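A, B and C label the chains in the order they appear, each numbered from 1.
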Amino acid sequence: MNKTDIGRFFEDFSVGETIVHATPRTVTSGDVSLYTALYGSRFAVQSSETFAKAIGYEHAPVDDLLVFHIVFGKTAPDVSLNAIANLGYAECRFLQPVYVGDTLSTTSEVIGVKENSNGKTGIVYVRSTGRNQNGCIVLEYVRWVMVNKRDKASPAPDPVVPDLAKQVSVTSLGEACPLIDAGAWDCDLSGSPHRFGDYKAGERIDHVDGMTVEEAEHMIATRLYQNTAKVHFNQFTEGQGRFGRRIIYGGHVISLARALSFNGLGNGFHITAINGGRHVAPLFAGGTVFCWSLVKETAKLPGRTDVGALRLVTYAALDRPCVDFPGRAEKGFDEAVILELDYWALLPS
Amino acid sequence: MNKTDIGRFFEDFSVGETIVHATPRTVTSGDVSLYTALYGSRFAVQSSETFAKAIGYEHAPVDDLLVFHIVFGKTAPDVSLNAIANLGYAECRFLQPVYVGDTLSTTSEVIGVKENSNGKTGIVYVRSTGRNQNGCIVLEYVRWVMVNKRDKASPAPDPVVPDLAKQVSVTSLGEACPLIDAGAWDCDLSGSPHRFGDYKAGERIDHVDGMTVEEAEHMIATRLYQNTAKVHFNQFTEGQGRFGRRIIYGGHVISLARALSFNGLGNGFHITAINGGRHVAPLFAGGTVFCWSLVKETAKLPGRTDVGALRLVTYAALDRPCVDFPGRAEKGFDEAVILELDYWALLPS
Amino acid sequence: MNKTDIGRFFEDFSVGETIVHATPRTVTSGDVSLYTALYGSRFAVQSSETFAKAIGYEHAPVDDLLVFHIVFGKTAPDVSLNAIANLGYAECRFLQPVYVGDTLSTTSEVIGVKENSNGKTGIVYVRSTGRNQNGCIVLEYVRWVMVNKRDKASPAPDPVVPDLAKQVSVTSLGEACPLIDAGAWDCDLSGSPHRFGDYKAGERIDHVDGMTVEEAEHMIATRLYQNTAKVHFNQFTEGQGRFGRRIIYGGHVISLARALSFNGLGNGFHITAINGGRHVAPLFAGGTVFCWSLVKETAKLPGRTDVGALRLVTYAALDRPCVDFPGRAEKGFDEAVILELDYWALLPS
């Protein structure tokens, strides 16, 4: 029997099926250090045991996006090895804090399949669930990808397209955030004087700084997440492909934008949900990423006065300072935009 | 007295002498994370506390090759600072699991010397032994290197060439592997359905994926191992040398090949012995490494039914997918081959 | 209110003011591993729990320069975001060992301001203090930077120029070093036979090896320190600037030189004070750093016989082996010199 795993094709996904993904992963302080070193994130809650404990966490929690990338990475060998494109995310919620020492594993339920009219590819929708060693769900999200068919002649399945929420409801936010002591929040140490109440819907925030990405950096990051998608690592093959270059994992861009957003959103300490995300264009090594955020909505959490939520839409742009806020344009997006990320962040009241 | 250490020359090695190498090293979870980030290894036993404990380890063990590189690195200042070439390895056995928190140190016994007929160089054979903080041997191996003489006029020593085993005997395998509960081995989580009994001698496995190496990556790895061999780090000097470029540490190639071998050998969780290794050609940054493995032999371990051993010969090739298994050729090797590694791996029964 | 922090200008610094810097940082074993991987440092005390405990430390201490960079990094957003040049350091003392698990935070007192005659810039002097989670000072130092004025028309402040010591006094050395058992110091394991008494004032030591720096490496390092200075990360903007390239953080050069100095100073296990430092020229990726040290002075510490101090002046040079000790020249420095660092290191008696 052939031992090489060539990955699943469109025909291999059945609605209702649950895939158990490989390689449970114990998160360590080494992962946390590497995450800091790769993006330069400076949020105090994730950087400091003392700060985190002062406001009510058991320990400094692991960065939300590091959790996301580890949970996501496990799905690559089963879901996206033969994927052509990662089309979107929805209904992403963080449900438990993750601490150093926790072991994360992932399962995915196939919730939709729809063959494309060309007969060569189809769209697969999965709801992926990350759990810790106690079986508690720490993260869940839906994503959909375009996958090659093994055989053009195989019959199309009955199309099932899930009905996905345009945004995560305010009543569903905050589950991974313990009740914090907002009075113990020290704005000098957190690096920003602006609390939840200081932000207004419609505000636009330029995060100012730019970060250039090198090949070694995005490959180190993507391997740290044990994400095996071929396009990120193999110059020999990609050099002959559509771009002639390795494509940077989209999650790397999300983490860069999040780290840069510290300047302007320094108290936005926790991503509680991601409403949707779109990789508008690929990023390649040598590019410099800038970003800005729109405060789309502000929301109090039902029954909580310790924190409030900002709905933020962050746009990352390539080789383009964001002082004039490049974003959606008449048709699609400003040509420099590479990422649109719509998410909820928590800030102390 | 001159404080600069210029390293040993051929004349400085005496058969029977034991060299105590510098810099004992406490292995941390940071080292483990970096190792994952540099190679993308996905073996469940090393990645997950919960998986490792479920089958009978005290903790997730440190990757065998990380142990090898740390033990090996310590020998560089004493053995290979003036080496011209790393000629081979033999009789390499892993004898105790290494866990985070263990402190490793290395000694080497000189077991052979033989001057070359040119009178300028000689071959030195050492048996290196890595021990943990309790003095227990975790690893031992023989390697031989070609070393410059300090002075062409110095007389040749009596040649001593050790008689080295062509392969590590089946009766010597498995010492660093506790008795595992093969029934508790979860093939969904480990990422492969193929247990020991599913492999047959003569099978060839294409590991499919390619990994491109950057200068920053191999230097970060080699410094992590505190390996000081000059050729890996110094572009100014190497730029004027025989290749015009920094040479990548051969161990880096071994680790890349091992990580890529997960696809096809995902349950081969432990390298118990290395029979021999040969760096057929150097690797430089920018190259993409592919590999495949031949199952040379399958062996039950005397007195054990929990695991079995595969003798594998892994070939790594440069810028060359391995779908047609490039390996030994009529004269030497296929021109793309850069590594031949002959080792024993354990799999659950 | 604008949420983007544009940093302080010269007018924003008042003598006597204390700035509380953001992002307390818990130091982990991941940070230690990355530090080793970025520079290849091999000092036994910092590498090995067993070695450190054998001589009297509670644990392996965190490398002094890693502590320095973390404490320093926090000052960047407040002190040097609009800085043109980092002009110098003085009176730097290490006052407590830092161990994995400690949380570091930084405050800076403004101790001097002096407008430049051009009316566009001024010099700001700050004394920065790093503390651990118990409020104990682990490090303090003075640095001065040239900062842009916000408005050329603003009046010049009364000039205050602090009187800084040319060197840290021998009576102030050694506070972060516990009383060690010099008899338990194992020179085989430490990698050098030369103890304090073996060095003489006037000795010059070539550290021999060269290390080439890649863009990914210095950016990973500088982000690990959460240092936000723009010039290190943003090729888009720097590509249009005075050098056309990203400038490597000066502290990266200091750490490289220190790691290379192991060859010749392997028992110089602790930097107890830095008398002064000067970045003579910038370093860019692709350059290879060599270095050598002058033993300027040897000093016994009052009341201690376990260790002695060497005052060392280390010169780092770009693309230039240091066999003939390039340093100060008739006018300024040899053209290859990029760093002059004057510091006190402790060695076992």
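Criterion: contacts are C-beta pairs under 8 Å (C-beta built on N, C-alpha and C of every residue); 3 or more make two chains touch, one makes a residue touch a chain.
Quick caveat, the model's predicted, so the values are computed rather than measured.
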Shared interface numbering between chain C and chain B [over half = same, under half = different]: different
Angle (degrees, nearest 5) of the CA superposition of chain A onto chain B: 120
Length of the line joining the C-alpha centres of chain B and chain C, rounded to whole Å: 36
Residues of chain A touching at least two other chains: 28-31, 33-34, 214-217, 220
Chain A to chain C touching residues, read off their complex: 28-34, 36-40, 42-44, 47-51, 60, 188-192, 194, 198-199, 203, 205-212, 214-217, 220, 263-266, 286, 288, 290, 319, 321
Residue numbers on chain B that touch chain C, as the complex places them: 1, 3-6, 20-26, 28-31, 33-34, 77, 101, 103, 105, 133, 214-217, 219-224, 226, 228, 230, 233-237, 246
